[in-house]
C-alpha cells in the first residue's frame, strides 16, 4: 500500500507556487476544501489561476482568496453572489473566463483520463464557439474542447483512507472527483480519515492512485447559501 | 420514482431484432449477463453485431451465441480461448474488428456521455490508425475515435433497485457501467433486486436514468476461466 | 387575466409525462415541481449531481451536502442517486433527460434562446444552461411575455448573446402557450384565461401564427 | 548461464521503486509480483479494474468476481479499490501508472514493440497493450532474447505489425539488460551471470552499444 497521509493542510500545499493553475472542487459552497483554502490564504501564493465552478461568496470559499488578491484569473461557469469578485472583475484586476458547466466538468475529466480533446454540442452558435473548431458528426455541429492542465487540484471528500481513496456524500461530490483525477498534484482533505482496509473497495469514488496527499480537515463550517425549508407538518 | 422492473429476461429483450448492434458487458466470463445471453439464444435473433471485450468460451458466455450462429460481427479487444470463434473467423462466417481495450471502453463511455468523438494515443503508428485522423496535441500524436452506437446494452450487476440503480462487485464491474450508459435501450440483470430506497444513493455505480429495464437473474454459474490458487498455509 | 408565476408553472406541469426525467432551471421552472400530481412516476434531475430530488427539507433538517443547482437545500427520495458533474452532464448530453424547463431573457421564432448575458452589465455566467439547451430534445421556456420595459421577449431574432440555437420547442408565458416551428415561427396554442388574441399579437415580436380558434388554458 | 523466466522476473523486480503503481502483463511479467520485498510500498494495477491487487487466493477462497487481466483469480489488499474499464484506462492514459511490464515478440532499437499479431496466424487481439504502450512513461519488456527458431527478437526494425512506436525504455531478457536510446540503439547494461558479451552481440539484431565493462547481473 502506498501511504498518502500528510500531517496538515500547510504541508499538503508544499510546492504550490505563485502563478500556478489550481483546480478547486465544490459547487457553490457545497463540497469546497475549506481547510486548503484557509491554508492557501495563509501561504499567500499569488497570481493564481483557479479552475472552479464558482468563486465563493464574500468572506468564504474562494472569496477569501479574492479578498487577499491571490487570484489573477478565474475559469468558472457561474460567478454571481460575490461583491468583491464583481468589483475586481469590473476594475480589470481579475481576469474571468466563463465556460459552460458541462464543458468545465468534461475538460477536467478529460485531463484525468488522458484524453487531450473531445467534442461537445454545448456553446455551438454562441460566443463560446469563437475561435474553436466546429465539426459535424451525424449532421450535427460540435465544438472541439481541450483538456485542462492544472498544477494542483484541491478537493474535499467525506471519507478517505491512508491509501488516498475517497468517498463523497450527497451533492458535495460535484466537481471533486474529476478534479482529483486531473491534478498533477492532487491534495484531498476529508472529514474522516481511516486506515487502509476500512472503506469498501466497491464504494470508492476516487481510487487512491489519483490522490497524492491526504489529511483530515478540521472545523468544517459547511455554510449553506440558500437555506430553503418547509415548515414541519406540511404534507409532501 | 420511475419503475424499471420487468418480469424476466425474455420480456427484457422486447424489441431486440435481427441485425441490431448490442453491447454486452463483462471481461472474459467475469460480470457477463448470463440470463440475457441465454434468453437471446432462445429468442434466436440473428445477424447481430456484438460490442464486447471478449467473445466468451466454447459453450459459455457469447460462445453460446456463436454456436447458434446469431452473431455476424464481433467488436472486441481480445478473442482467444474459443475454438468455434476461431473456426468461424477463419472461414469468413464471422466478421471481427479488433480495437484497443481502452479505446473500446472510452468509445462506450463517450456514447453514454454524449461525446461524439475524442482523441486517444492508443494505436498511433499501428494498423489501428489506418484511415483515422491523427492530430498533434502538445507535440504528441493522437487518433480521433468515435462514440459507439448500440441499439441494446445487456449488462449484469450485483445489486439493483426498482428505479434501475446498479451496484457492481469487484472486477465484475469492468465494461458494464459504460455500456449501461451507452445503450439506446439498456437492460440490466442483477443478482439481487431490491425496492427503491434500499441502496445507499452515495454508492450507486450507474444511476437508474441509464437503465430502461431491470430484472433479477437466476441460476448464476459465474464460471472461472483461470482458477489460480496457492495452497493454504503459504506465507503471503 | 395574465398568469402569475405559479400559473405559468402550473401550466407547464401539464406538459409532464410519466416516465420522464426532468431538469428544472432556477426561478419559475423550480415552481413546476409543486404541481406534480401525487404518485406521478417522474424524477427530477439537478445538474449538480442528483436524480430523484425531493422537496425542500423540514426546518432543522437541512443538510449542507444536499443542494440543488440553485444552491437551495433539498431532500432526496427513495431510488435517488448522487453522481459527479461529469456524469451529470454526460446524461444531459446523451439525451437521457426528457424535459428541460428554463427561464429566458429572449426567445426567437426559430427557437434560439438568450438567457445568460446582457452586454454592459455584470455577467454571472451560463452555468449549465448552454449544455442543457444544446442537448435536450424537449426544451420549454418559462418566462414573462414582455420585459420590464414592456418590450416583447418573443422576437424574430434575439438581440442578446445567444445561449443556444434553434433549440426551444415551446414557450409558456403569462399570456400564452406557444409552440415553435423554426420554419413558420411562434404558433399560438393557448391563451391565458381572459387574454385576447389581439393582446398576444400586439405583445409578440417575431412571426406569430394564429390558426382557427385558440382555446383558453385549462388550469 | 541464461536466466529462466523466474530469473528475468527477479531482475525486473529490482527496477521497482516504492511509491509506484505497476501494471504487469500476462506471462513472465506476472511473475515479477513474486519478487517484491515484503512491506515494499507499491501497488499493482490490473486494467480490468483493480488497484491494490494481492496474491492468488487460498484454495477454496476463489471469487469469480475477482480476477486480473489474465483472467486468473486474485485477491485484494487493504486500501484496494475497484473501478470500471473507462476509469482504468483513464488512469493509464493519464500516466498515473509508473511502470508497465510487458512481454513482446519483437522490440526494435528505436523502442518500437510488436506483441499482438502474426500475419497468417489466428489473431487474438491487442487487449489493453496498445493503450498501455501508448501512454506509459516507463515500459520494460520481459522476453527471451531469441525466438524458437533461434532468431533475435531485438531488431533494427520490427517485422511484425506494431503495438506501439518508440515506447520501450528497457528490455530484460534471459541474456541481458538493455536500455533503449532511440538515437543510438540497444545499450547493454548488464549480462546474465556467465553470459559473454560476444554471445549477446551474436544474438542481437539491431544496433547494440557495448561501452566499457558490462557487469553481470546481481540477483
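Chains: A, B, C and D, in written order; residue numbering restarts at 1 for each.
The rule is short, and it goes like this: a residue touches a chain if its C-beta (ideal position, glycine included) is under 8 Å from a C-beta of that chain, and two chains touch if they have at least 3 such contacts.
If you're wondering where the values come from, they're calculated on a predicted model, not measured in any experiment.
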Interface with more contacting C-beta pairs, comparing A-C to B-C: A-C
Chain A-chain C separation of Cα centroids, rounded to whole Å: 28
Whole-Å gap between the CA centroids of chain A and chain D: 36
Centre-of-Cα separation between chain D and chain C, whole angstrom: 56
Junction residues of chain A - those touching two or more other chains: 106, 113-115, 120-121, 168-170, 201-202
Junction residues of chain C - those touching two or more other chains: 76, 82-83, 86, 89-90, 92-93, 135
Pairs of chains in contact (touch as defined earlier), listed by label: A-B, A-C, A-D, B-C, B-D
Chain B partner contacts - residues on chain C that touch it in the complex: 18-21, 41-43, 45, 51-52, 76-83, 86-87, 89-97, 135
Of all residues in chain B, those that touch chain D in their complex: 27-31, 53, 76-80, 86, 89-90, 98-106, 108-109, 120-128, 158, 168-178, 205, 222-232, 234, 236
Chain A-touching residues of chain C, taken from the complex the two chains share: 46-50, 54-74, 76, 82-86, 88-90, 92-93, 112, 122-131, 134-135, 161-166
Chain B - residues contacting chain A, complex: 106, 110, 113-121, 135, 137-138, 140, 142, 146, 167-170, 173, 200-203
Partner chain D, residues of chain A touching it in the complex: 1-3, 111-115, 161-163, 165, 181-182, 195-197, 201-202, 204, 207-210
